[in-house]
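Two complexes, one shared chain (chain A), two partners (chain B, chain C).
And now, the complex of A and B:
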């Protein structure tokens, strides 16, 4: 393994700016000419941007509509729900980060390697774009509430980090707590009425399935039976709780703004991944019917623009579903985005599967591993690792494609602009400020995703081999 | 009967037969890779298969653990006959260790995880026990200190020894070696061959496809020469290297020795 450490240190003295300029900007005539042309051009561009942002830009339109951009037409007297959600999600993130850090620590100790815990500075470096976006929001804030929410978010994250101190044998409990905080964070806005308990029960059951391993039982079927029983029991408990605590909440037809954008994207990403994975495996199946179905689905979806799928979701899905089932517009939009992205994820995963040498499968077979085990333990970890960049790219484009929802009359982050410019005060105002603001918001989150993907790639050492 | 003729027939073996191959044909499309192969390998016997490339040596041992499916004939390992039944195939693969030319270690797992994977998943061995077993096998191939590294951090010779340890951890009855030293730099060949010699001395039943004639001479109970998908000649190393009968064998030996 050769590493970048072997690169010689820079020989230039950084303090000597003139030498640096001569060496870097004017190494030869051609580069010198380029420098002479480009530096004034870039300077002028920077000047224009500065002029727009600091002098000419009339940011009042953003300042006065900050709440609208963030939560859209969400009922104002239910606002506490969103605040509670942010705090709960921060708690979940904290617990997750704490647990992940602790288990990384365990692994390092077991392998006899040194372990350095990443500090808060590291966190800022990873998410600086989003943090910058939040700081701008706080700058625009006219009341103290956003500051309190931000402080609460940080505090709750720090509290969650305490999960690090859970003993090793409780590691899975940390993950379960994180899942619980996530579910609670979702439900505090969406309420507990209707069929909400089904989603929660499924999540809790899945969480318990992974937490409770029943290592003590020797037989595989006994373990499976025990875990299934626990999962069913948990579902029943969730149902009981939900049938006693009825809180109508705010159905997501009333959600909008950045809040909606983030949820729609997150749900579509989380749902499209397993679906895409299954499609990729089905396309490589030895059963012709399964393979044909998967291939047909993928090729059909990839041949259709997302916007047509969204329209079909709104206008045609109604006729295909059994009468009486009234899916909300947003559910249908999420379904369309999920189905669309899954086809692309499937192709990306298939590429990863094909990139592995056949020797890997053969080695698994020769050891007597069953085909599903070979897939789960040998092929998929390597294949998925290899396609992280492509997959995150797909998810980033899904995130940005969520703007298409405004065409089917759902006011997500970008769509809120039409509400803003419908206001009497801002009807005549140019659209530049709101556009720049929205663009910056999308960039902040996309860039964070991209950075995280690079980090994950580095951590899993994709480039190695 | 002189010693050079004792095992002259591939269908006889020293002691009880562990691997039985009867009348096996194998086609890749129209190309016939194996033609009427008959062979027995006895308990604790070391059989070295040599021959020019494309002669079907690798295909033969890959048929034994069903990495390739033979088209005609019968193959049995330890009395279990290979059929299309998945469980049957799994059972044979558990009894048969295989070492590949390209090592085929799992690059995303540490050396220790590479070795413990199959015992844990297939034999349902607890983690601790599997790790003890893995360390035992790593000691056997003389690299216990590399247990926590990843395959990419090891030299080719070390990787191949890990591959041998990984196969041994399933406690196979038979070991199949598919040109184990062909992808190695010359200075690393010896460390792998040494491990294989020790394995043979410990009484492991082995079929080795190789171009290492020194190994064949020193360790093999029998040498099988294959050409064009057929077994051309079989004999003890002594017979084989000093007094080959068939023209094709003589030609091959004259080319490589």
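And now, the complex of A and C:
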């Protein structure tokens, strides 16, 4: 059936279909027999799939419950918040894409290289799986609202792309605008309920801290002071805006469906990365106590399945906090997923750190850089770049693991099925339909992420040479 | 500088210790407030519920016995899943490198599909869309596949349980098991002896032939001596057609978990296999061809040993992942350790020690598998140099 060594040469005359078939389908007798057996089998399979998709499938189960799948039991009066969120996030994505494209353009000009701007066709090719999923959602839509939302999203993305025309010295402003739109997108749903505004304030502060540079000030501490002041000011502004302008909003305890899945995964990814980075550095540190603690934590967490940590969050964490403090189910689940993923991220980062030759650290020392600076400027950029594929793989698996929330009775995208099949019409029927629909949703996002990671890996390797 | 380092470490340890103490203190206070116990005494008290598909289990037996049942079921699902994932993964992984376009495309679709969907979704698909509400009739109208000869059923299909043939003891099965074990040891000895002969004299070793022959011979002899210690047992519906008696009954939960995890993990195994075969450099194959090795010899002596060295560590990791993923069975009601722990907490057993026991069980699995991995890694390194 196989042999590595006799793979066909890469140059193939595809114009001649017959020659191609002879070459790739009937290269030898054994392979030819396999093809002859496989073709009718595949034909039958395709026929059955066609019957299921187009004839027998009771897809009204998805059509009638589309809102339930998307936002679950989210209060219907507050639905506008989710719409606003989608539009704001599209704006953020547009600004980000525009700014990134413009800065790539700047760098190409600086280096005297030709620059080809990626078109919208390129975007479709990269995210075709997600776009396909959205089109299927629109197909199932029974009102015009989803169409309007989709149109608004695209429009807002295009508006955001205008950030490309910001002058070069304003590039940081572009990034800051993106961060603001991102935070606003989160906050427009969560409002000030719980302490959600803290997340936004911290994000805005961190964003500005890294964006505003105060190049004019020579002294390091003055620059740091200025940046801290800006960051603190920004978080205060965020608090004022959100406590006065945005209404209480809907805290994430009331979120469910695909909306919850995406946010839980995103939050756990964002939170687990810094924690994992710190754990990796601690495990590599020369201080034995720190190393021991980090190693113990990592090995303990990696030895148990995620579900046990979710159980711990559900049954034990409540009792571990002072009497009277009530953390919601979803907050505890996010905490458990973050703690779990951090251990894996730490191991991945450690792999990247170990892959670097010691000469890199020695070069830093020879330049007279302090150890933290060596780590930040020389080691980490290379180490993190080397582990991007593994890291994205871990994040994909976190996204897939968000389905585990249904075991602790949180209705995320897959868990919503229990509400759908509680309806009298669908009690014992159409289970395959809802599962196939959900599977396609998960597949679309995971596939897009893995392809993006391959693309990133490829591009970064090109940059290396 | 040294002082700072020492003080810093002491402070770090102290901080972690204080945090843990604070958490534990809260735990004790809150548990006392709500009258919950934190000790492990519950392990000796009665379980008080019936484990599904385990009629032999007595609800009055202690929780510890329930934990053992759970561990056994976890290992059972894990073993079947690993077997399925290995075989399927090997086939798909090798097929991805096939010169046949159709075969290569098919396996690449398989990998891209299963790698990108959640394993829990696959398990639920099997449990609900294939078994519970799927095409199979319920146990009362189970499909019976009769034996081609005589009475009895070869197979039984229903949406709750499938029946397959098994061995049933009629005589001294325990004695036979011991003899079988002895035969295996003897066969290994024969293998070692033939290897030595081959090394010392250069005579052909024929290890496989010799060992298998000795093993089969010993087994047949002990079967005859013990006067037939077992016979085939064919699956039969019980009087009220609510259960499968005789044979071996596979319940839907078990098949969902083992089948789904097998299919899911096979996609990861396939990637490992493909990567490791591709990682063996082309020069090795040219060298094998230059030595005029046959296609089998090339695979057996050149490609396989080198590819295996690359593939084995990640493969063992995938096996560990599969065993840990059996915990997802909690969603479909297969009685493995996580599901039983959840049920037992729901039945009023103290949550905190129950979950500690659960975590310790999984840590033991992980430790055993990492121990195997370490041995493999050490042996692989010896092979290289």
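Following the convention adopted for this analysis, the second predicted complex is superposed on the first by the 437 of 465 C-alpha atoms of A that agree within 3 Å, B and C clash if a C-alpha of one lies under 4 Å from a C-alpha of the other, contacts with A are read in each partner's own complex, and residues count from 1 in each chain.
As a convention for this text, a residue touches a chain if its C-beta (ideal position, glycine included) is under 8 Å from a C-beta of that chain, and two chains touch if they have at least 3 such contacts.
As the structure is a computational prediction, the values presented were derived from the model and not from experiment.
Contacts of A:320 after superposition on the shared chain: chain C is touched, whereas chain B is not. Of the two partner chains placed by the overlay, only chain C lies in contact with A:396; chain B stays clear of it. The wider contact with chain A, measured as residues touched, comes from C rather than the other of chain B and chain C.
In the superposition on chain A, A:144 makes contact with neither chain B nor chain C.
Shared-chain residue A:169: touches no atom of chain B or chain C.
In the superposition on chain A, contact of A:111 is made with chain B only, not with chain C. Judged by the document's definition of touching, chain A residues 1 lie at the interface with chain B and also at the interface with chain C.
On the side of chain C, the complex with chain A involves touching residues 5, 8-10, 12-13, 16, 23-24, 26-27, 29-31, 33, 36, 94-95, 97-103, 106, 112-113, 115-121, 124-125, 128-129, 132-134, 277-278, 280, 282, 285, 289, 295, 303, 324-325, 327-328, 330-331, 338, 341-342, 345, 351-352, 355, 358-359, 362-363, 366-367.
Residues of chain B touching chain A in their complex: 65-67, 90, 93-94, 96-98, 100, 102, 104-108, 110, 117-118, 121-122, 124, 148, 150, 152-153, 166-167, 170. The residues of chain A lying in touch with chain B in their complex are 1, 111-113, 218, 220, 357, 359-360, 362-363, 365-370, 373, 377-378, 381-382, 385, 460, 464-465. On the side of chain A, the complex with chain C involves touching residues 1-8, 24-25, 27, 31, 34-35, 38-39, 42, 287-290, 293, 300, 302-305, 307-308, 311-312, 315-316, 318-323, 396, 400-404, 406-407, 414, 417, 428-429, 431-432, 435, 438-439, 442-443, 446-447, 450.
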